[in-house]
Amino acid sequence: MNFPILSSILIIPTITVVLILFTKPEQKNTIRVISLIGTGITFLLSVFLMVSYDRSAGGVQFMESVSWIPSYGINYLMGVDGLSVPLVFLNALAIFTGVMVSWHIEERVKEFYALLIFLATGVFGVFMTLDLFFFAIFYEVAVLPMYLLIAIWGSGKNREYAAFKLTLVLFFGSAFVMGGILYLYKAAGLNTFSILELKKSAQFTTNMQSLLFLLFFIGFGSIIPSFPMHTWSPEGHACAPSAVSMLHAGVLMKLGGYGLLRIAIPLLPEGLRDWALVMMALSMCNIVYGAFTAIAQDDMKFMVGFSSVSHMGMVLFGISTMTLTGLNGAAFQMFAHGIVTALYFSSIGAMYNKTHTRMISDLGGIANIMPRAAFFFAVAGMAGLGLPGFAPFVAELMVFIAGVKKYPLFGIISVISVVVTAFYIIRCIQRVYFGKTNPKWEGLPDATNFDVVPLVMLVAALLIFGMFPSLVLDLLQLETRNLVAKLGVM
Amino acid sequence: MASSLFPYLLLSLILISLGLVGVFIRRNLVIMLICIELILNGVTINLLAINRFVANGHALGQVIAIFIIALAAAETTIALALIFLTFKHYKEIDAEKLNELKG
Amino acid sequence: MIFSLLPEIFCFLMSLVFIIFSLKKQDINFERKAGLILSFINIVLVLLTINHQGLYFSEGYKIDLFSQSVKLLIAIGLFFVFFMADERSESAIKKSYPEFLFFLTSANLGMFMMASAVEFVTLFLSLELSSYSMFVLSGFLKNKKVSAEAGVKYIFIGAVASAISLYGYSLIFGYYVDSSLLSMKFNSITVTKDVMLYIGFIFFLSAFLFKLAVLPFAFWAPDVYQGSDTTVTTYIATVSKVAAVAVLLRIFIYFIPIFESMEKVMLVVAVMTMTLGNVLAVQQKDIKRLLAYSSIAQAGYMMVGIIMMNYKGAAATLFYVFSYLFMNYTVFLVADQIIKEKGDSSIEALRGLSQRSPLLALAMLLALLSLGGVPPFVGFTGKWFIFTSAIDKGYLGLVLIAFLNSVISVYYYLLVARQAYLFEPIDKEPVKTNLFVNLYSYAAIIFIIAAGFYPTLMLSWTEKAIKLLLM
Amino acid sequence: MSQNILLTVLAVFAPFVSIFIIGILTRNHKMLSAFVAILAISLSTVITFYLYFSNMQGVKAETYYFTWLVTDYFSLKFGVLFDALSLGMMIVVCLVSLLVHIYSLGYMHGEKGLARFYAWLSLFSWAMLLFVISPTLLQAFFGWELVGAASFLLIGFWFHKPEAAAAAKKAFVMTRFGDFGFFVGLLILLVSFGNIDFGVLNQLGKSPAVNHSLLTACALLIFMGIMGKSAQFPLHAWLPDAMEGPTPVSALIHAATMVAAGIYLIARAFGFFSSSPFAMEFIAVVGIITSFVAATIALVQDDVKKVMAYSTISQLGLMVSVLGAGGYKAGVFHLFSHAFFKALLFLCAGSLIHHFNTNDMWEMAEKGGVRKMKITLTTLIIGSLALAGIFPMAGFFSKDAIIVAFEQNHKEAFAYLTMLISFMTAYYTFRMIFVLLSPEPAHHHENCHEEHGHSEHHGHDSPYNMTIPLIILAVFSVFFGFLDTPMLGGYFDKFLLNKHEVEHLHWGVMVKSTIVAVAGIAFAYIQFAGKTGRREGFVEKVGFIKNLLVNKYYIDDFYFLLVRGFVIPFATVLNWIDRKIINDTGVNGTGNIVIYSGRFVSRLMNGMLQRYLGTSFAILIFILFLWQII
Amino acid sequence: MFSDAVFILFWLIIVVFAVLAVFWHKPIYNAFAMACSIFSIAGIYIFLGYEFIAALQVLVYVGAISVAIIFVIMLSPPVTVQPKKVNKYKVAIGVITSFAFFVVLFAVLYGKFKDARFVLGEAQGTIKQVGYLLATKMAVPFEIISFILLVAIMGAIVLAKKED
């Protein structure tokens, strides 16, 4: 066996967490540096992973398999394919930049970093494991620390409420995921939780697929978040500290889409066919309704939260088209939206650190005093509204192409969101950053050079993957082709 | 009459039902205890009658009956002690007054 | 033979030693140390006999890995509980310290025998032995009103439950004039779908359901947990549940044909239990009361595994009980530190614990989350196994309800955890603890995570035990 | 990859590199950044001119693709389309851009964010060139959106001015609204025909297999984008507001290049549009309406830049209209010539504004000294003459070409309307000139000297880096028109259409249009020349017309109402639904069910021993019955 | 016939005293009624042929338990009887569930045992057998019950003992 790179990606953050726990709480800088080094190594590993993944071979690579619980057919089965490699990279990027973004946090640094990195570990696990048991474990590990992270380090008086709602809705969803996984296990009757095995030899009747898909759809839909269960997301974003919002919107929401693409669709293609219309209808709500609701928000993070709802709707919309382009678009949208939201939240955070308010109506003319923060928000906004050259454009283009082809009317309706998104983003930029500076904010310092580093990294990622989407899309396509083959010629 | 099984079972059933009613509605703890004794007696009757009917030669029913009686004694002892303790605190032995723990 | 029975014999002797202590008042520290040493020897003895097998006392007493594993847990629980009763305990306990230890030990003896008994009378009487000891224990705080109230409630509900249970047995008696579970096990295949038998078994179960605090006999739990001393509560909540689960596992597995016909009924009961526990726990302000409701809910989960009546379900349940003991004990231990310090068992008393004593707070947090079934902690893994066995029988709805229930439970567990983590403490003084508490906390943290992530060792143990039980 | 393609790519990406050099390396050095940007755009310009001169005698169309990404059944590809149209447009873009870059050195002198300004200018140049060379509609959209973003950034360059910020927003959102149509049309085309290049696109209509109503729909949708970008009625309202940006930006983006992108796109996809008669008709009508509306509004504007903005809209409308009428060459020719003289006019206006610190022509006149700015004034008049369409300026020839095109395509009504518009154009242009040339109040002159100590070069002209671009553009404005005359052998036709027969001059049209233009100037002279103080022209004297025009036909109010009265309330209502119904009732409600049911059930737990017993036993009995049920 | 008559008499006495024991409103009378009822139950045991149990019944129940109960009642000073509000819910649920219980089991038992008969006076489980069983198979339970009694005694002492 070669160097176990996947386990290293999992273990290094874990070791970081343990090291942090054994550091004295007073040594704040030590803790920060430990976190930075740990996540930095992970980031490098993930870059290495992305580079060294053999694109011509495709399929699952870097497999590691250890028999774990033999009587339940559970294996410690790690492996990445074209779908997971970019997401691993995304997560590594988000946590690495997240650590830097939260450098300013002074309160209970130790716990904060421990929880933050623990959260990222869970996400890594979800993206890398191929065993449903471990999937379930990591899935909730990724959700769990959110409560404390938001409730302790969050902002606003609603933060506890938001944290509770977030945690509970996500657990509510995961209850369905768990039930689905178990029922899948039973229905397959192979006494294995390995996704690979199940993919290879499990047979499900159409009714069973439909039922199971519904379970997964409810479960993953609540984290994506799909329309009626989306309300946790804007509130959660709004109250969370920047780094947490980044990880949360940037990576955590992707778990839902990833779960659908990883488990539900390859195993239950018939189920998708049954529920595609419902999924499409809900995603329409997400896309259009989310965008319109974002207009009415006064809190910038709320606005970004609703924009996330809108954009994640595109993931669902892409999936519901059941075409290669749609799935590509959905997968790419997950990746691209991750970077954009990370940028959104980190740039809002860079401003919020100084102003301590995010109310659009309170702010104004921030660009005069904090040109850097303003610049990065503008870049994020431009990327978010689908400006060509940035990664999200590619994703939206593919989703819309597939959408217009499959559901012409609804596809066109969903394009309205492009205008609406432009409206609220630009309106926000105008009202927050442009105009005369409120004397209240006069003299606040801009983001420092160090603060800018993570932002620059994210912008670079946005540009690189926007200009050369093939870097990621080729990887994603390795897997989406298989999915489409499973779905059959539609 | 005395040689058919059912009257015995009916008697035991009546005793148990009466005991249960008493336990459910009488507020005096001692009377509740008395009712539990009635239930236990009903059980014993049932057990012995069935034993007599299905397994005449078997002493098991009797042995169990003995144990039940002994258990009842032990139980009464502890229950009375606890009732006594309650009385010391509450100055009465009303089951409905024991409601400091609730919710 | 004698050697296999050493734990029971030792336990008996131990209780006698405490009676002797009670005759002449000793120094409390001496008594405590003696108790700890003795209970530790108890654990060692169980460990020594862990692989013993045999059928004793006219086939009425079975020693196998299953019974010995349960005994090990019970012995460990006793040791833990002894540790909790220290010099900071209530004055009533300190005044009658040897007696207190005596009752714990006698209850323990009863549970030991419950774990091994395969004969009805032995089983029932050992259950009563442990119950009666605990009736006394729950009323032990003589200077407290609530303690007496708890004792009265406990004993009356217990007495009714056991009387009904006896009535049920007397109905079963009409079919099997035998008290050996082993021989009944082989007879039970003949008659199954009979109303009287069904009623008999339902009634018969009530004493055990009472012990496990499952509906219909679950209502005592909150009041008794709240009213009793924390030590006693811990004992009731952890050790006595272990014993009850062991007994129920045995009964269900021995009477599979009968219980299969009422599987769905029992599942309804289990679901009602967990829902009731969770729904009521949400609004609790008192940590002990909250834990009582939570343990009702937990009992509901365990019932699911028990009702499955197969190898996987039983092994999973045993696994869950194993982990449950440690999780629940951890929470109680931490709560006990606070209650002893402040004399206040409300959740608010935990304010700022994470700053006063990060270790305790972390241990409690993990234990709570584990109880709530959050991965990667052991509680999740146990639940996963239980629900896997349930889904094997096709109960998807049940599993969904159970998972949703655990979502509710996460809510109220977080309500507790948030006091510890979110708020500033009133006084920043670290919580006074002793070495044991600290060591235990570390051990619990490691156990909860390690066993959750790598449950294989423990699972294979429980599977082996269940294999022997099924034999 | 041929040499032409390679050079084109180089020309396009020189500004692109400059963005990153400025952004990463030189962002803290103003002059260095400016130097980098100017160097890059000069490189582009030099290359473009080299390309032009090496292909002077007819361009062979070349395309080159590389695959950007492949998905499903089509590959999205980028490429270069090198032909006469793109080369011509590149020349215009590069040249104007270069001149504006240089001009800005003077105009933006001492500006704090100069590095940023040049970065954005580079961004714009890159995006515009990318658009120009695009061989596919998708790439065109790509560039199209990017120029929109650059325009947003440049309009909002002085973001501390609330008006500028609002204008930037308005520009972006309104063009984006148009882009919605473009995007949908593009998507439908992509989905129906794959990612086809313009060559195929233009031939689509000829294929009988293609659904023509679909094509019409697509054409109209794409035209919606053009309406946004090229400021066609009713999506024109952003352009006048966009004048809040720095004047060089207005010259470059909102006069010469970006707003012309729509015209360029129609020209580029001319075959496609003309395959749908209805769409063409629609385009022609919208164009002429726009032109007329804008011209009328321009009659009453006091702000020099606003005058020019409306005149731009008006001219753009003419171009759109003539393209819609089928006059391909006329449209493109006017596009190019208009680019030069309108850029010139704007830069002159910039020079004036720079000098006077005001946009209002009356204030300028009051301050006096216009006459002393010799170069500016001369070039301004040249530009105005070109705009008015006076021989021998570029505008004369290109406008005549439009009228001729209308006539040739049997749209006489349009031709007459064009005459009317050019009358108005001449009128409002020279209204401005005459106002500026008002006799100076002598007393004011001294006051100015005393009060405005800062204006040291009062009475002098703007610096050289501003005037030289003016002169260059003036030269173009004067001589560009001759390209289309038989004097130069109909070079433009030859170059653009590869057509060798020389078109004769249309004397009748020339005479008519000259008369009209001169009449316009004469009217302006009567009303405005030689007087001081504010005065009203003949339009302002009619009350309701004045109101209508001053309020710009109430179109802004309509949009204001649309946003304030519909979009935002709609969003607020949705937000309310989201918070109150979905969140509070739906999501929290579910949670509350648990809590309330807990409260309800907790009545069982009232501490009464006997209730516990009774309930327990009731449940036990229930279980007994349950067996019968299940 | 005679035995039937006596049986019915005992039967009625038991029921009547049981009713009194449950519903009488003076604890001391309740206790007495219970004692009488239990005493008569011993008679029923004799009908069944279990004389030893009957004796034990009399000894333990009447001799010990009843006395203890009466003792406690006597020890506690008379409680001032307040006008008590009847908890209707409690009474209703108690009566209804008990009645349901009675009906269900009556139906079941009647269906099952309505014809079951046995011969009086031929009880074979003798004291000897009981003793044998207690010494062999039931030895462990016997030990346990003794320990239970020990616990009970200890419990009573600990709980009832005066505070020092």
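We just call them A, B, C, D and E in the order they show up, numbering each chain from 1.
Rule of thumb we're sticking to: contacts are C-beta pairs under 8 Å (C-beta built on N, C-alpha and C of every residue); 3 or more make two chains touch, one makes a residue touch a chain.
Worth saying up front: this structure is predicted, and the values here are computed from it rather than measured.
S.K.: Among all the other chains, which ones are in touch with both chain A and chain E?
M.R.: C, D
S.K.: From the Cα centroids, identify the chain that ends up most central relative to all protein Cα atoms.
M.R.: The chain sitting closest to the overall C-alpha centre is A.
S.K.: Taking CA centroids for every chain, report which one is farthest away from chain E.
M.R.: D
S.K.: Give the label of the chain whose average Cα location is farthest from that of chain C.
M.R.: D
S.K.: Specify the chain pair with the maximum number of C-beta contact pairs.
M.R.: Highest contact count belongs to chains B-E.
S.K.: Go ahead and note the Å separation of the Cα centroids belonging to chain A and chain D.
M.R.: 37
S.K.: With centres defined as the mean C-alpha position, give me the chain A-chain B separation in Å.
M.R.: Here the centre of chain B sits 64 Å away from the centre of chain A.
S.K.: Round to the nearest whole Å and give the separation of the Cα centres of chain C and chain D.
M.R.: That pair's centroid distance is 77 Å.
S.K.: Between chain D and chain E, what is the separation of their C-alpha centroids in Å?
M.R.: 101
S.K.: On chain C, where are the residues touching two or more other chains?
M.R.: Within chain C, the residues that touch at least two other chains are 121, 125, 128, 132, 135-136, 139, 142, 151-153, 156, 160, 164, 174, 199, 222-223, 283, 411.
S.K.: Touching two or more other chains, which residues of chain E qualify?
M.R.: Only 87, 90, 93-94, 97-98, 101, 104-105, 109, 138, 141, 145, 148, 151-152, 155, 159 qualify.
S.K.: Give the residues of chain D that touch two or more other chains, as numbers and ranges in rising order.
M.R.: 591, 602, 605, 607-610, 613-615, 617-618, 624
S.K.: With touch defined as at the top, which chains are paired up in contact here?
M.R.: So the chains that touch one another pair up as A-C, A-D, B-C, B-D, B-E, C-D, C-E, D-E.
S.K.: In the complex, go through chain E and note every residue touching chain C.
M.R.: Checking each residue of chain E against chain C gives 104-105, 108-109, 112, 136-141, 144-145, 147-148, 150-152, 154-155, 158-159, 163-164.
S.K.: Quick check: in the complex, which residue numbers of chain C touch chain B?
M.R.: Checking each residue of chain C against chain B gives 121, 125, 128, 132, 135-136, 139, 142, 145-146, 148-153, 155-156, 159-160, 162-164, 166-167, 169-171, 173-174, 177-179, 222-223, 226-227, 283-286, 289.
S.K.: Applying the document's contact rule, which stretches of chain C touch chain D when the two form their complex?
M.R.: Of all residues in chain C, those touching chain D are 152-153, 156-157, 160-161, 164, 198-199, 202-203, 206, 215-220, 222-223, 262, 264-265, 268-269, 272, 276, 278-283, 408, 411.
S.K.: Which residues of chain A touch chain C once you look at their complex with the stated criterion?
M.R.: Spelled out, the residues of chain A in touch with chain C are 68-72, 111, 133, 136-141, 144, 147-148, 151-152, 160, 164, 167-168, 171-172, 174-176, 178-179, 182-183, 185-186, 211, 215.
S.K.: For a test of understanding, state which residues of chain E touch chain B in their complex under the given definition.
M.R.: 3-4, 6-8, 11, 14-15, 18-19, 21-23, 27, 30-31, 34, 37-38, 41, 44-45, 47-50, 52-53, 56-57, 60-61, 64-65, 68-69, 72-73, 75-76, 79, 84, 87, 90-91, 93-95, 97-99, 101-102, 105-106, 109-110, 113-120, 122-126, 129-130, 132-134, 138, 141, 145, 148-149, 151-153, 155-156, 159-160
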